[in-house]
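Take a look at the structure set out below.
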Amino acid sequence: MTVMRSTLPEEALGVTGTALQETLVDLLGLSLIGKQAHWNVVGPRFRSIHLQLDEVVATARAHSDTVAERAAALGVSPDGRPETVAATFALPGTKDGWLRDTEVVELMASALEAVVGRLRERIAATAEPDPVTQDLLISVTADLEKQRWMFQAENHPRETASS
Amino acid sequence: MTVMRSTLPEEALGVTGTALQETLVDLLGLSLIGKQAHWNVVGPRFRSIHLQLDEVVATARAHSDTVAERAAALGVSPDGRPETVAATFALPGTKDGWLRDTEVVELMASALEAVVGRLRERIAATAEPDPVTQDLLISVTADLEKQRWMFQAENHPRETASS
Amino acid sequence: MTVMRSTLPEEALGVTGTALQETLVDLLGLSLIGKQAHWNVVGPRFRSIHLQLDEVVATARAHSDTVAERAAALGVSPDGRPETVAATFALPGTKDGWLRDTEVVELMASALEAVVGRLRERIAATAEPDPVTQDLLISVTADLEKQRWMFQAENHPRETASS
Amino acid sequence: MTVMRSTLPEEALGVTGTALQETLVDLLGLSLIGKQAHWNVVGPRFRSIHLQLDEVVATARAHSDTVAERAAALGVSPDGRPETVAATFALPGTKDGWLRDTEVVELMASALEAVVGRLRERIAATAEPDPVTQDLLISVTADLEKQRWMFQAENHPRETASS
Amino acid sequence: MTVMRSTLPEEALGVTGTALQETLVDLLGLSLIGKQAHWNVVGPRFRSIHLQLDEVVATARAHSDTVAERAAALGVSPDGRPETVAATFALPGTKDGWLRDTEVVELMASALEAVVGRLRERIAATAEPDPVTQDLLISVTADLEKQRWMFQAENHPRETASS
Amino acid sequence: MTVMRSTLPEEALGVTGTALQETLVDLLGLSLIGKQAHWNVVGPRFRSIHLQLDEVVATARAHSDTVAERAAALGVSPDGRPETVAATFALPGTKDGWLRDTEVVELMASALEAVVGRLRERIAATAEPDPVTQDLLISVTADLEKQRWMFQAENHPRETASS
Amino acid sequence: MTVMRSTLPEEALGVTGTALQETLVDLLGLSLIGKQAHWNVVGPRFRSIHLQLDEVVATARAHSDTVAERAAALGVSPDGRPETVAATFALPGTKDGWLRDTEVVELMASALEAVVGRLRERIAATAEPDPVTQDLLISVTADLEKQRWMFQAENHPRETASS
Amino acid sequence: MTVMRSTLPEEALGVTGTALQETLVDLLGLSLIGKQAHWNVVGPRFRSIHLQLDEVVATARAHSDTVAERAAALGVSPDGRPETVAATFALPGTKDGWLRDTEVVELMASALEAVVGRLRERIAATAEPDPVTQDLLISVTADLEKQRWMFQAENHPRETASS
Amino acid sequence: MTVMRSTLPEEALGVTGTALQETLVDLLGLSLIGKQAHWNVVGPRFRSIHLQLDEVVATARAHSDTVAERAAALGVSPDGRPETVAATFALPGTKDGWLRDTEVVELMASALEAVVGRLRERIAATAEPDPVTQDLLISVTADLEKQRWMFQAENHPRETASS
Amino acid sequence: MTVMRSTLPEEALGVTGTALQETLVDLLGLSLIGKQAHWNVVGPRFRSIHLQLDEVVATARAHSDTVAERAAALGVSPDGRPETVAATFALPGTKDGWLRDTEVVELMASALEAVVGRLRERIAATAEPDPVTQDLLISVTADLEKQRWMFQAENHPRETASS
Amino acid sequence: MTVMRSTLPEEALGVTGTALQETLVDLLGLSLIGKQAHWNVVGPRFRSIHLQLDEVVATARAHSDTVAERAAALGVSPDGRPETVAATFALPGTKDGWLRDTEVVELMASALEAVVGRLRERIAATAEPDPVTQDLLISVTADLEKQRWMFQAENHPRETASS
Amino acid sequence: MTVMRSTLPEEALGVTGTALQETLVDLLGLSLIGKQAHWNVVGPRFRSIHLQLDEVVATARAHSDTVAERAAALGVSPDGRPETVAATFALPGTKDGWLRDTEVVELMASALEAVVGRLRERIAATAEPDPVTQDLLISVTADLEKQRWMFQAENHPRETASS
């Protein structure tokens, strides 16, 4: 099947398409590990974290749809198949089985910190080739950076143990 | 970490836990390939199928949450991590790239037919060990069987071409 | 036109399809006589029964749609045409013209009792061939049995006149 | 039981009552064949027509209730029993079994065209005897004429094949 | 203060303005006696009639606003002051103090029958001078005629005592 | 018909019943003159005052219902018939015909000020005999006093013309 | 466990705490007998009373929560355990088994009259020690006194049989 | 492309189609100048008129859709293209640039008066050929005549300056 | 008063009626101790558990209504009076006074575990005599088993202290 | 600018105006420190307290508006400017920078306890001069006293450490 | 009338004002041709495209309002009058009369592609002079580019016919 | 307590943190003076401006929350305490006491113009260090610039007095 016609020139499209595809995998993977922790968390903060994780998942799912449709809108076929997500997911993952609440808070804080770092690079990379895509990546970053803060704040006593 | 205490005896738990874990992977995989097709479909029925696929995804996501929480409620840790889904997903998948609308209709009809067949076996298997889980699997089957019909009906002229 | 492919083996399909088709006619007929009584009831309990009847109709309509789509989902073409309903409707019907409120209460109590009896047979008959259909028939029965109670309770003094 | 007192003189009531009773049967019959097609349609336009038909049914049901209650408000007992609908329904009906999408579009376009023609005669007939009833019939006609257009537009290439 | 400019010629305005002003008083008066009965009804049908009366009041209030604004729109100042309503209200009223439920049903049936009779004359009178006003009066009549039926149906055994 | 049994002793009931009946007439009258002004106001502040008056009317109607039902709850039959309202309404009224916006603002400010003064006396009078009724009158006063402020503030330049 | 610190001085707290605890038991008991009657009522007014009772229950449940949290807010542990309610409930109760509609109306009218009498004493008792609690008890009384009226009005013909 | 089949005879269709097409242009043009004034109004009544204009636009847009679909339903292709609106719009327009609030009020009052006059002619013209279309034009007129009144009332002191 | 007619044969009715009555007491008792804990919990997890308990109460109340109405629908008078609940409630209860959050979590986990055990026996017992009731008990069990998991997960570190 | 006319005599106005102005500052200050803590809280109870604080802020903002408008309604200009709040705020404040969750719970419990004490004095002071204002202050107190309990309950183990 | 004061320096204002005015005309024109196609489309994809076009129109109307108000906010009078739109609209338009569904899909795909190209130039042009306007143009582009994709995907088989 | 870890390098963090803290104070101050004017405005435009001011306050409060949480998300503790707002608020404030409507319009137009000017500098300053924060500041500016226009348009005749 021939390529769909894009509104971007080819070089710009390459950079932008890569940024969108990588973000799609980050967000789909995040939604899966967020749900995994949502189901497996145990400990005295169970309810609080169980609910917080569903907000992360809702955010990740909503943005994954917008990011994939942005790729399609530019003529780039997005790839969010299970095998692609498993093979290219690059954020910290989680072991199987029950997860203590303290472990979950640390996991989410570090996974969100990692994805924010990756997004910031893509924001820089897409500024020139496609400011429309850049604006979308900025929105994703703003939401995930807020989630990162919430888990980091929840984790605070541990971080400042040496203070 | 020790195992959570279950309300089911061990043998019953083994059968039930397996049925729930396999259903969880079916549903998470289905939600991923449903979205993949939602983004990549092209052809004159684009809008109609694009919207229908989001109903499949919404159904699959909602049931995957209930199924995973049912496993947890029985003391079985559910596993919905990307690597687990990719490794154990057993339904027909999809190639990458754009998908013609006719291909998508056939793909969904056959994936839904496959998952319904697998669910019917689990309905039979869980009847004795845990009728509560069986009732949940019946609900999942009813919804997916309805979706299967819709794609099959959409596909009808092709099937009856020889008639 | 060829038959749609079913997810049930042929024998199971026969029993299940018959149960669904008969239930469809019961429910469509019930919705029509419920409306007939809704429009024609007179007497001091007019408003109360007029409103109650619309709940019966809403229940019957909603279930008739689910039952017919269940048949279609199994590959059985449902038949809810006017001539079919008129020819095969087997519940107590109503005479034409205005209906006293006491008559309506008795009519609905007996029509609902009859349909519940027929549904209980179908619940037994479908348990083996298709537990998904059985579960649907159980839901229909639960709702109609509740409606039957309400009309019977409304009718109570008459029934216990000899006590 | 004696006749209810009407706010219309007897002659006017005769014309008006007949117009309302005939419209009631048209609408109840339309709602039944609309659902029949909703459940039995197959073909590449399945989803689009399946949804469109539910709008026809919702329109027909809502208007049938208003029409029947208008008759009752004038002291004329409306008759919407299954046997009455089957015996007096005068619009094009449908065969049993699955229906190709193209057949459904033609069926609905012609059934709606027929009912509009009948309604226009009743609009003329009721102008003098009861402008309140006429206004209601005008509303019914407006809604059904809009539905007719949608099916006719959907059917257009076939009609203009010779152009 | 000078007269507002009207979109109707003077003669047409005279007939139309009178019809609207009389309807306004009918509706305001009806809303007041409807509330009076809503508060003072007693007897075994208390709850049912108490609620029904609030529907009459809601209908009367909504239409009174539309009718008064229609007068204003035509350049005729509407008059709904307490003294005007008391002085010109021409429907059956109610005595003071508690009202048995049977009395209320009869009162409302006769008040609504009276107002419908008056409205039908105004529908005829406004057909030529202002079809827009006529259409509004038709809507008012349709709603009040439906209310009349409901109270008459509730009152039925009494009316047909001799049958 | 005998008097309904009250939960208050007779003397307390006399004071409380009078306070509620007088408040009922104030509120019904206020709702009628509020609507009268709503329909007849003209001038550059038309829209602003037209909308504000509907808030007064909504407040007056809602409180009139609560006040009348409070009287009934105490066994006192409330009287809100047109002739009673016209005969006993004691607030500033309005002339017929179009009303300039400045006139309306002054009318409402003075009518609301008058009703608040009357309510304050009833608050004092009911404190001992029935604190439940007093609490209701306090709520009515709070809402009307807020409305009075809004019209007074709207009217300010005129009041302070000499400053 | 030590006592929670209260914002009230000890003596005021004693009176207020007793008033709240007694009101809590009244309301929880009322909600239980209201539901008992909701399920067991039979007779021609079944539907009307069945619905009215659910309003009583909703009111009683909502106020019981506010009353108990008010006690907690003052540092008094509220006690709503089954054994406490059964042991200290002081309103008229109900026999087991089906209840005729006339019996239910009388039961509710007398239970509500009893609770209003008890609440009026507590309103007087808490005026000095805690006007915030008094205000809450006034709200509870207003709602229950309205419910009492409705059942008494429904019961009226029986009460005035000798008139 | 051939003509769509109409439910009206040809002559009736000519009159009706012309009335609908002219109304469509009136309404689309009105929605455009309403928005133009919404954006460009300045002066002390800015907010009040800015909001009022959006109600005019919402009304005009909603009716333009119904009018155009009515034309299509009758088999007449509606024409609402920019060049058609510009070429055939016959109501008072507006100059470019900022508009004082007093100018806007006068503009809207006169544009609405003009459109009402044109609509009244079409109401008369369509009475015979198509009462369904006439009923729609009556609804449009009722809404626009109400809007005209509001702007005229807002403009009142200016009009009566000589009084 | 005579017994209501049931749709079940007598023996089946005995088993089913007992299962429903016992479940009713379990659920009403659970709703009362859930509220008791909701009001009396103290400790660092106050808010989280306070909210979780209201979900338990909402679930228990909703199911208690369905269960009692199911009994009535079968002709068995349900008994939910305070004295019955207190006398026959068989789940772990709670002491009076303030409750530490850790105590509440343990209490709810063990009360929910107990009720689930009892429900599983009733699911088995009702399978033959009334599959409609069995289906209802399965729904109750699914919801309470989910609640049990949430409290157990919240309690986890304590349980696994020896691991 | 001259003083607005009040509905209260001058002496009463002085006491009432002071009570309202002081309450306004308490509530605005509370809303600011509530948000400050909402943003700066850290520790394992982050999410729970973060959400609870937004309820405090919503309550304080809503009441501050009602209190200020009550002052205006009495003719007293309310003062909620930043400099006034900063200069006259008399409740416990908060240091800058991050705040541990335990600190926040203590801060809010003591700030809410202080404001309740101040409000109780104003409730007593306004009883005579203006019962309408007193009723408003009672509502504010009820809501804030409930919030105080929630923070105190959350803080409980610390308080009872010596028990 | 003098120019409104802007928050932008004159040169920046020139570029920004032009970009906004041109975008306004693009969007208003798009909303008119979108509606034109919505009403005139015929063919087997009628319903699907009819609905899709209303999403385009809703998007275009919402953005046109934001764009025009942005111009006003900067002190530039926006011009959206019929004659301006007709004279300066620069996107592909549509012929009159009925439109085949395939023609509509092509028309919309090309009109949307054209407007996106024009918007990308304005995004570049406004980056320096006014990043606030640029951000708004980015939002418009994102939405229209998504719409373009949907029509292009719908059109796909035609485009790739030679592949 | 140690500093929270930021996702920004230190220098970038300094600029961004300052921009956010200054914006927070601007918005909190604006919400306080907006409410002050909302309560104290008098004059013929009272209602219109009273309502407009609540939109300003809602906008300022919503953005202040987002801005403060953005600071926290970057690891910068936001400071919105009363003393901080009073000490660092740099926009035009308001005198105490009643405010004429004309004064309020001028005050808000100039305060909004001032804050927009300050925001534009921060948009420029944050472009490099943190485009996510810049994007947030652009949103704030767009909303406040729109509010500025509305007050300026409302104020127009005064500004152009010399024209």
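Here the chain labels run A, B, C, D, E, F, G, H, I, J, K and L in written order, and each chain numbers its own residues starting at 1.
By definition in this document, a residue touches a chain if its C-beta (ideal position, glycine included) is under 8 Å from a C-beta of that chain, and two chains touch if they have at least 3 such contacts.
All values reported here derive from a predicted model rather than from experimental measurement.
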* Asked: In this assembly, which chains make contact with chain C and also with chain I?
  -> B, G
* Count how many hops through touching chains it takes, at the least, to reach chain K starting from chain G. => 3
* To do: Look at the interfaces D-H and H-K and say which one is made up of more C-beta pairs in contact.
  => H-K
* At what distance in angstrom does the C-alpha mean of chain L lie from that of chain G? -> 50
* Out of chain F, which residues touch more than one other chain, so two or more? -> 1, 4, 42, 45, 48, 69, 72, 98, 100, 135, 153, 156
* **All chain pairs that touch each other** => A-B, A-I, A-J, A-K, A-L, B-C, B-D, B-I, B-K, C-D, C-E, C-G, C-I, D-E, D-H, D-K, E-F, E-G, E-H, F-G, F-H, F-J, F-L, G-I, G-J, H-K, H-L, I-J, J-L, K-L
* **Residues of chain H touching chain F in the complex** => 45, 48-49, 51-52, 150, 153-154, 156-157
* Structure fact -> As the complex stands, chain G meets chain F at residues 113, 116-117, 120, 123, 127, 134-135, 138-139, 141-142, 145-146, 148-149, 152-153, 156, 159-160, 162-163
* What residues of chain E sit close enough to touch chain G in their complex? -> 41-48, 50, 98, 100
* Would you tell me which residues of chain H are touching chain D in their complex? => 1-2, 4-5, 7, 69-70, 72-75, 131-132, 135-136
* **Complex interface listing, chain K residues touching chain H** => 1, 4, 28-29, 32-33, 35-36, 39-40, 42, 61, 64-65, 68-69, 71-72, 77-87, 89, 93-94, 96-98, 100
